[in-house]
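Handing you this structure, nothing more for now.
To keep things simple, chains are lettered A, B, C and D as they appear, and every chain counts its residues starting from 1.
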């Protein structure tokens, strides 16, 4: 099976890889190619979500987690966001449109409490202007508008508890 | 000890509550935890001998609720309370209420806390004892007085809240034109934070180090200092990494700072553990900053280089024991570094990241100590400070301690929430940190630099391979086929193996 | 160091392989693990930078296979090999083969190992240097000679295998009538175990202590001793608990033992880390027993009281560095105790208990070090020694170290396999252990006593309640409803709460 | 629901308890009685197989495991074997007959290799006489006959690998 994989480092650098894994009759992987290059690979799942990889003799202990943003892979202290696509599937790239066209959501980057709505519905805002302030762990964080426009909708009242990923406002 | 406490209540949560529970256990004293509604499953509740609910998540209703905490102490039969740090630890009113309730507060007296609690009143007591201060005013100032003092000491100057701490109500002023608006905003911020708008002025020290001295005083007049801690690696005036000894303090400077710290403590009739903070300029002059009248977060680095246990000693002192050693018996050996592991995202404005820790693998082995308040599966609540754990490395030399900490960070894995682990790797490999060239602005400057992306090169490819393998095998979440003692060579749910030889067939 | 190794292969498994990998990482040297078929998922494979398979589970085919290990070293480009303890660590032939292959053996020379490997040849070298020996013969004896020597030193006497260790080929003989059968059985046991049936005789010391001295010698003629370790708590001649310092050794005795140990090492041209073992009688006379030409299992207690890292030093010495300190720089501080955690059932004849560790919660916090070779979910193979991990406690005093170890044992939880954790709790609370009244027969006597059942009283009831709750809730195996960051107050899958007040309704 | 529970300490001391847990309408336990005595109880499953109990204010962290022998409960370093019976069920006590009547099995107490059969089929043995030697982790262990009798059956050959609980021999 072939996977198209985008790996993004914590610093934001994204890199694309094409990984081909071929299974033999016994279900074991008999071939591993990365961007066309064949590699000696030995993998063992040692704990739930923890993989021991031996690649060309080098040993890696790899942890895997899921969050609202997708799958993360941790390797000796570094964490990468990974986006795995099976090119044969019809599912489009999950990446959300990145431009400033159309309505844009402001989502909560963490669980917390809404402590202040800076720009109520109907307010005209600039890109980067604060819209909502949420608080968690004794820290207040201002969520900013991703584009210039009008606050179309505020989904949360002051004092409300929100979860990571909740859409708090829509800017149009 | 004959009059040792019968039971100790810990008026705190998180790693420090666990730390104190462990000390109680080691001393044979039953411990009592208190917990808010969101902390029922917290580690400190599980580790203590007893545990009682004290109300809703909001700290004001639980961990800051003096009445409820004293009621639990009475109900459980605790005759002493350890306040940890934060929460009620520097609240003189609480210390007073404990005394009234006949419960020993493990810390200084309310009177000593009050003297140190107000920066200006502390200054009066210290100046008389000859403690060096940053040039400036020794009390709250009117705006007109502020203008005069600032001219006298020379710009740039710092405005500071007299009742403050943690950076609130502080303003750096470069020229007289900026003074008025800074004075007003500092005053109103101070009012909001500390119920007192008093501000004072100090000469601004460019690129200072923050170095503090641990003191320990018994209730019989003995006071010792236990070396210093370098705490210059800060973000928003919050310490991020601490170490002992300081790379810049030699024997002679340690002696002078230590003796000054003891003088500070004695001038306020201080007892139990406390920390005297100094600003140190580039010529290694040190100036008294403030005294923290509690156990510090970073006390483990002092424990590792002195070989002492500060919490045991706090409890012994509070029970009336004399210090079991003298200044000359204190030997410093080796080097210790602490990293404060927070649930926050260093790649996204250091936003807090509460939530469930779905996986947790902690480092161990030679020279590694971990003081943790969390466990795998624990949901870090959004209601409190984001500190998860303190990771401390000890080694014979500073270089080795840095290398050891890097090794430990490599072993550390947390998933489900974001943490600042990657930040430490970056700091510890920064040339200025390695050279010991530290000041309180160092971290902000480093964060403004573009991180070197070179390091990731190799591991991104490995991450891609791992992701493909996880995708190929469903999710790899269950470690299925291991039937108890049976499958000695089949510990893993599955194994894959692709050899290049295979390709040649 | 300019001529530091480029890569180190670790010819071992388990906790010691992990220990050495960590040291390599801290020193910036890439590490190479080797593994047998049943160890593919072992911790040392996961922690090392590189890992290569070396064959089937049987040690003879893998971890003892000199040819395969040297082939991996060559293939991986390793220029040094750390042998750990056990396996090939005291095999002079292996040290020789490394030298021939141009790979540095991190340990003494083959020549020094050979001198120490035979007890009788070691004795010749030592006697010349004035090292004290237990009265007896200094070489293998015929039966007739044995009769003579036994008469001369007086019964009871010990028969020992000249090439032996670990208790094999040893016989205690109380009277001449028993000598013949003991001589024959010791000889044949020695033949089987060591390929040499040579036995010698020593005066039997009643209730001796086993105390050993750590030495460290560089390749430039410097040799230091690093205090002693008390290893008298033994079962079947295997150490169970070790500590440093010994409760019975004072400064003067430490100086005499240390100087003797250095003399022993120097008489054999010894280099790198080694341990000189002594028997100590009730009058505190000490007698040379043997020298172990490797890193000992129990080296961490020495590291904690000296503040040094022995594996770093081993590697530096092997790379040609001079010792970075002198004897006068060695400071001992505090007290350290080590427990060897084994997969064995102390309640059922200490039967080994390999299998899958379904749960593992390890202790941490102040003064606790854990050197482990396992992890949760790992299936402990049945093919090797049952040691899982070493738990080490450090504290300012022996009493505190004991209390701290008890605290750590309380925190330790392993399920799926049996371990000897409960045994340590029993030993550490035994009056003789607490009083420091130790000898090599102490543990056997303790095991013959009826354990006090009093302790269990309360906890049996709690176990019953817990069992009922688990039964009521199906199995409690899944921690189901926690949806990532959402359910901050619902970390647990379920909660129950029954209040007495409820009953009154 | 009422449970009859036998708790056996590592030292072999067995104690019986009757634990009654009553659930309210919301599924929560409203009442806990041990041997008739009502207790204030608060329980939370903090990790798979790990329970935090608060009983009359006292805190216990309890671990649970299963093995061939049944359920084990660990509390601050002590491990207990527990046998839980619901008295309403018809299932008899699982305890195996303890006397010396009838055929008796010798079972492997641990995984290992059979290194020697000391008493082949047909051999007459005394109670306590060695029958089979198995080896694991460099230690040999002699398995002894539980009664005087004749070795009726040996199920394992020398060199065979066995699992914990396997019946290796029958003595009649």
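The rule is simple: contacts are C-beta pairs under 8 Å (C-beta built on N, C-alpha and C of every residue); 3 or more make two chains touch, one makes a residue touch a chain.
Here the structure is a predicted model, which means the values were calculated and not measured.
Participant: Both chain A and chain B are touched by which chains?
Facilitator: Neighbours common to chain A and chain B are C.
Participant: Moving only to chains each one touches, count the minimum steps from chain A until you reach chain C.
Facilitator: 1
Participant: From the mean C-alpha coordinate of chain B to that of chain C, what's the distance rounded to whole Å?
Facilitator: Measuring from centre to centre gives 36 Å for this pair.
Participant: Between chain B and chain D, tell me the centre distance in angstrom, where each centre is the average of that chain's C-alpha atoms.
Facilitator: Here the centre of chain D sits 47 Å away from the centre of chain B.
Participant: Rounded to a whole Å, what is the gap between the Cα centroids of chain C and chain D?
Facilitator: Centre separation, chain C to chain D: 31 Å.
Participant: Would you give the residues of chain A that are in contact with at least 2 other chains, written as numbers and ranges?
Facilitator: In chain A, 42, 44, 46-48, 52, 66-67, 110-111, 164 touch at least two other chains.
Participant: In chain B, what residues contact two or more other chains?
Facilitator: 40-41, 47, 353-355, 358, 377-378, 382-383, 410-411, 416, 479, 484-486, 488, 491-492, 495
Participant: Return all touching chain pairs.
Facilitator: Result for touching pairs of chains: A-B, A-C, B-C, B-D, C-D.
Participant: For the complex, which residues does chain C have touching chain D?
Facilitator: For chain C paired with chain D, touching residues are 343-355, 358-359, 361, 382-386, 409-410, 412-413, 415-416, 421-422, 425, 451, 453, 455-456, 459-473, 476-479, 491-500, 502-503.
Participant: Within their complex, state which residues of chain B touch chain D.
Facilitator: 33, 40-41, 45-52, 76, 375-378, 484-486, 488
Participant: Okay, in this complex, where on chain D does chain C touch?
Facilitator: Against chain C, the touching part of chain D is residues 1, 3, 5, 7, 9-13, 15, 17, 19, 21-23, 28-32, 34, 38-53, 55, 60, 62-67, 71-80, 82, 84, 86, 109-113, 136-139, 141, 164.
Participant: Quick check on the complex: what are the chain D residues that touch chain B?
Facilitator: Chain D reaches chain B through residues 42, 44, 46-48, 52, 54, 57-59, 61, 66-68, 110-111, 163-164.
Participant: In their complex, what parts of chain C are in touch with chain B?
Facilitator: Residues of chain C touching chain B: 18-19, 22-23, 25-28, 37-38, 40-41, 47, 57, 300, 303, 307-309, 311-312, 331, 333-334, 353-356, 358, 362, 364-372, 377-383, 394-396, 400, 403-404, 406-407, 410-411, 416-417, 479, 482-492, 495.
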